[in-house]
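Look at the two complexes coming up: chain A is in both, with chain B in one and chain C in the other.
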Partner chain A sequence: MAVMRDMIPPFELYQPTEVDDAVRLMRQHGDKGWVLAGGLDTFDWFKDRIKRPEAVIDLVGVEELRGISDGADGGLDIGAMTSLTDVAENADVMNRYPLLAEAAGLVATPQIRNQGTLGGNIVQDTRCWYYRSGWPCYRAGGNVCYAATSQSMNREHCIMGASRCVAVSPSDTAPALVALDAEMVVASTSGERTWAAADFFIGPDIDIERMTVLKPGDLLARIVLPAPWEGARWYFEKVRDRKAWDFSLVSVASSLRVEAGMIQDARIVVNSVAPYPVRLRAVESAIRGRAPSEETGQMAGEIAVEGARTLRHNDYKVALMRNLVKRSIRDAA
Partner chain B sequence: MLQTEAIQARRGGFTRRKFIKGVVAAGATASVSGYLFRGSGIFAPMLTAQGAVERLVTLTVNGQQRRVDVPKYETLAMTLRYQLGLTGTKLGCDRAECGACTVLLDGVTHYGCSILTHSVQGREVTTIEGLEQDGELHPVQQAVMDEGGFQCAFCAPGFAMSMVGMLEKNPNPTREEAAVLLSGNLCRCGDYDKILNTAMRAAELSRSRA
Partner chain C sequence: MAENVIGTDISPPDLRAKITGRARYAEDFRAEGMVFAKLLLSPMPHARVRSVDTSAAEAMEGVLGILRADELPVQSEGLREGALTDEPKYEGEPVLAVAAVDETTAAAAVEAIRVDFEQLPFVLDPLESLREGGPDAHVGGNISAGRGEFGSLKWPASVFEEAGADKLPMGEAAAEWTIGDIETGFDEADVVVEETIVHQSVTHHPMEPRSCMAYWQNGKLFLHGSTQSTERTRGGVAGLAGVEPEDVVFIGEYCGGGFGSKISGSPIMAVPAVLSRKIGRPVMLRITRYEENYIGRARAGFQGWAKMGFRADGRMTALDLYLVQDSGPFGASDLFTAGTVATASYQPENMRFRGAAILTNTPPRSAQRAPGGAQIVAMLEPLVDKAARELDVDRLEIRKINAPGHDGWLGARQTPFTSAYVREALDLGGELFNWEEKKQLSGQRNGTKVTGVGMGLSPFTAGSAGRDGLLVIRPDGKLYVHQGIGNLGTHSIADTARPAADVLDLSWDQVVIVWGDTSKHLPFSTVQAGSQTTHAHTRANHAAGTAMLGLLQELAARELGGSPTDYRVADGRVFRAGNRAAGMNFAEAARRAIATGGKFSGGVVPEDLNDATKAAVAGLAGEGLIAAARDNYSRGGSVYTWVATFAQIELDVETGEVEIIDLASTTDCGTVMHPRSLAAQTNGGVFQGIGMAKGQRWVFDPKWGIPFTKRFYTARPPGILDVPLSPRFAAVDEPDPRTPVGAKGIGEPPVGAGEAAYVCAVADAMGGLCLCRTPLTADMILAELEGRPRPYGLLETHV
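Let's turn to the complex of A and B:
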């Protein structure tokens, strides 16, 4: 890639040190503003000159958005600007929510985890390359999907939850957070609002231009891990083409509460099969009261892929998802 | 540049010293702008909006304070290479994929191509040029010499910085752990086996020196 192509067009840069100032700047600039966290999603957009914001609001100096502390009602509070390395290697996260530590530790590469933030990993835009290459697709405000035609390269795209757009959610930490019933605290000039992780991610049927509930002016400030799923059995697996750097083809995250050999409650979440992390509620209720065995996993896998609709090149995702859901129950520890 | 000069420059004032400096620096400025777009209006003076950052920043690079005029959209790798002349930091993909631009920020590895220079103020930047201390090679550099671990070696500075970051984290890695810790760097010659030999040798050397 030539250097000339990669020059970023100019913008005005703000480096606030308080959340209040950050959200005020975000409101002031509206959809001409851009929030910069780690930058691993941002700079591709800028270098390709597909996104050309007038003002960039860099959160690097906002200390209150960084760090991991005990929550008010038990659990853990994680600032959105906490690096993925800090999440993956924090003793509290590792001991109490190993599911999240594992997911954060499998993101991309060491350098990206050192720089990339938990908040950024959650709210990053989809990696559909038609969209990221600047094609005027539905998600970009156009009226066609280039990934769903008979000649499209769509090996990485949706098998469920599509609505015109077939791009998938790329985040590794998102399914883990949904499986832990995490809460997302969103700051704006009108105060804070909390969303359940499962409601935070939205599909194209709700809004085709956004992956999350965040609108211009909304800032994901912190993530609250609630006490109930602390210390539960868990499983996380990310399948990708390379062992490093790559996004998942399919990933699965599960939390299981098992008493007397029977599943009392469960959260099973699969990602990169839909435009949002998919919580498998039908599976969760079907496995309640059963042993976390091979048979239960098998049944769960079959239920999980019901209604899957494949594209030309991605039918392997059905078998992959079926097996990952099975493992997420059978092998949870 | 002195603080007073900076203020004067901002006010549009011009000192005699600054004028002479400007003439001397003109050649350098032209070469710096060689990688910028032409005719895109980028050279028109961009007025700083209220509350926005100033272009003039002080960076701590390899233990030295460097005062430098940085466009707000410039990445650290660009500043290091084209403004500070530290061309040991390479630009490969420029997309946070290949790791050739790896530098240390406060001892932790980062992709220099994917962070704004303005975002690293107040942090210690270490590049490949800063590894050698008082004529003594860093254990990683010595290991590269001993093992001859690279073919074309375009990726070598990035790998070396990743190895320094690796030793910081795990001074006694297994070969497998080293592979994971170096997984953010690519070698197009495919010389990974020898690179891992180098990493293991670097760990050995750094333990024996400690």
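Let's turn to the complex of A and C:
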């Protein structure tokens, strides 16, 4: 059969207005259904006719999934359908969680941030171009990884966390949310379940066809941010080839609690080096009790890249990750 | 007196429509009974169609017809590209087309077609094809031997062994020319620099893909398309449809970008034209972004080597160049331009150019804004900097030392230039950018950021002669300037009309531009390429304006007495010198011309007009006072424009990212026709060049021969945030003395200037280290700074 691209095939469109209806529809259609948020990931798949669901459940009309409100214990709740622009420009997010505001504000372009949602940015699929081009790889249900051969074009791929698949997580907000110790509230017909952000993203060793814990029928409903550390320092940086409409080559998010010039506590997360945002627990323990200095950063960077395994074209990611981890400690403010 | 319009800012007549969205592009048109076509693309880089089973598709409701390659008047054969083919030579080459009542049905029908392809050997890297036993892009060979024939160029293994991994292998060249004696040149040199350099191929990415719609009425083909040229597109479309040019009406009022990829139509236009004739319905073929990346043309990449010799005073004594061109499946001529352009930068005392253009199974090449020129400028300028450092000569100074003056020359034949205010442009740029102060910042470190400053000087061809102008003064008293040139987005349809208004001393609001539809009687024009338009058509319209002036004077003398020389023309009137009342306005002149007939209203035309112009005049005859003239002005040399761009950048040594802090460009393009538009053209070209230097990619999987950079976000053309908000610009504004208006073209030379300035500034920030490849992405820069393995081999291409 010949291949056709750039032409969305027909599907049944459902536009529920309540979460309950949405999850019922999702359960009803199972793996033949597709949840549509902002569409930035979805429509690429649909246009290429690689993902061809029978039913599309569009969340745009579900008001309770949208908005930012005070949460319990001084935290903040953000509906999954809240636009990235609204996240980046919300006064509470900017004042209390500038790390997230910065990350959301660096996604793609203003137009994409207006249309794209926080939930969509979190659960988006990988951008491995072999996989996105419809090649029958492991992640697509096949039995080979085209990106990891001796000839593959894999500049953007993994230096850690690979397991057969070497694709990376492309999300900008995911590392920020892990660094903020956010919780993901998932709705389904059997009720709500909460996941720590660090556990929400999964690697191919757990399930090679999914980037997150979400299974058919599961809906990411909201993101719960705990109260931030008092006087936290933070850092976010996304290195990319151009300044708009680009995914990260490597990104870093850090949250540091510094007292009397010493790091008391830290959460440091790097993305686009593995199939999931990588929380650097060894680095976090190593820097506790040290000053957030160049030297500490240097040491942290070296620890961070220990065990990195490069592919043919992505050795630079080791240096980039090391340097970004250094900066995330040295330059946190 | 009307104000002289040359040199002032105007709003071109298409601007409002573009801004308000009223402008209709090819895919906005509809015709009674129109249906849609979709293409089936080759899934392999080189294959032969063994068989096609269309039965399931044909059985689908709403499917109206299928078009195969053998039904086209222009068939794919040898180096000739057809719109469809049974032997695809790149992944994505269209094999067949399906027409259906809607696109959904057509797409489903394409998916239902079974094609049995026989895989053939393919090659992506020219150097692989040059190896003995290496694959060829065509069954017939790997180079063009002229006249559509193939040849085979293979180098013995020893050539590759000798070169090693870090130098371009240089076997027998397919093209070679010399100036002076290269060995003597190097003998006379005090400093010699040498590098192997790679420039990538890049897709064009016009915002508007080459969609087209066609229908037939009474044996005539009406085709709506997106092209750079208009009058010159008609013949191309006629050929594609197998009819005579007079049986084609081509409509294309707006073009959403061409950059050399849509010069006079596209092969794919044959599909709706022939399919429409076959099924008896108007056919719309909307080309998608994905398809545009395959069929939308690309710039040819080079794997090159250069060696330069300089005397202690900075003068270039020798330039030795070897370029291997990635020609795609059907050839490209960038290679031949590149060596010539280099002479216009450096005037080397001795030079040798060698090259080989190798066919590959990658999407087709065509001109892309300064084809060959932009690449060679970006490849060679960093070497000039390297030599300047070794010689301890200022980098701006070394360019001035070698730049041509008015006695300069071009290419192997050493033809003279019509004008060359290159040193003036360099001086102006040095002042505008504040080079003397800025160069002191070179290498300064602020935190993790290092400053680099660099510049690039880029020449390119900028004119031609011998086209026709056609003007009509209608009974409404207005001057209608018929423009055969297309509206490719540069304002040239308006700007080249200005000389006619100025010759007639007419205010601009009395001028109507007629363009974009060959049924509107358009004169013979240039193809809109090679930055010819401004030069060629200011000349043609100046000639036509002068002819119109003569006709007005003659008509007035005939009607009102006296001799033609007694009459003046100004403000829409022809009148006796010294007595404005004794005369008539243009409306009256038009009426009298119609009544008089003969040469006044198109009944008799100058013999030297092109046949296309004669036909256009015949179509207009009797509608007003008509003046048509051929540009017979002498030219006397090669018309060239130069752009100098200066860049200040900051390189982050911890990430390899580069930010442009300041950008300034200057040009010698003769008389400034339209200041605002000129600045926009120059800055746009500079940005396009920076895009190639900074990150625009064309990546293929080498094992399967399949490209991945098929979307904007993977190919990464630059965005507005990648360049400074306020790039500065100035023009020398000295008229070219060999053309009546003094104006030369500007479309192409800025590209190489921007690209070279960026590459040189990055090298400057790295202490003069040239990575000698584009794009210079963060990974490559960081790997170098960190002393880590280079991400790609020195000669690796398509990365």
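Convention: the second predicted complex is superposed on the first by the 324 of 333 C-alpha atoms of A that agree within 3 Å, B and C clash if a C-alpha of one lies under 4 Å from a C-alpha of the other, contacts with A are read in each partner's own complex, and residues count from 1 in each chain.
Heads up, the rule we're going with is that contacts are C-beta pairs under 8 Å (C-beta built on N, C-alpha and C of every residue); 3 or more make two chains touch, one makes a residue touch a chain.
Computed from a predicted structure; not experimentally measured.
Residue contacts after overlaying the shared chain place A:Arg327 against chain C, while chain B stays out of touching range.
Applying the stated contact rule after C-alpha superposition, one finds that A:Ala319 touches chain C and leaves chain B untouched. In the superposition on chain A, A:Ser133 makes contact with chain C only, not with chain B.
Judged by the touch definition given at the top, the superposed model places A:Gly39 against chain B, while chain C stays out of reach. Once the two complexes are laid over each other on the shared chain, residue contacts for A:Ser152 go to chain C alone; chain B is not touched. Of the two partner chains placed by the overlay, chain B and chain C both lie in contact with A:Pro9. Of the two partner chains placed around the shared chain by superposition, chain B is the only one that A:Asp58 touches, whereas chain C remains out of contact. In the superposed pair of complexes, A:Trp245 makes contact with chain B and with chain C alike.
Of the residues of chain A, those at positions 1, 3-4, 6-7, 9-10, 109, 243-245 touch chain B in one of the two structures and chain C in the other. Looking at the complex, you find that chain A touches chain B at residues 1, 3-4, 6-15, 25, 36, 39-40, 43-44, 46-47, 55-56, 58, 60, 85, 108-112, 114-115, 243-245.
Across the complex, chain A is touched by residues 38, 40-41, 43, 103-104, 107-108, 110-115, 288-291, 448, 654-657, 694-695, 699-703, 706, 708, 712-714, 716, 718-722, 777-780, 782-783, 786, 788-789, 791-792, 799 of chain C.
Against chain C, in their complex, chain A makes its touches with residues 1-7, 9-10, 48-49, 109, 129-130, 133, 146, 149, 151-153, 155, 237, 239, 241-247, 249, 313-320, 323-324, 326-327.
By the touch criterion stated above, chain B contacts chain A in their complex at residues 35-37, 40, 42, 46, 48-49, 51-53, 71-75, 91, 93-97, 99, 102, 108-111, 113-116, 118-119, 162, 165, 180-184.
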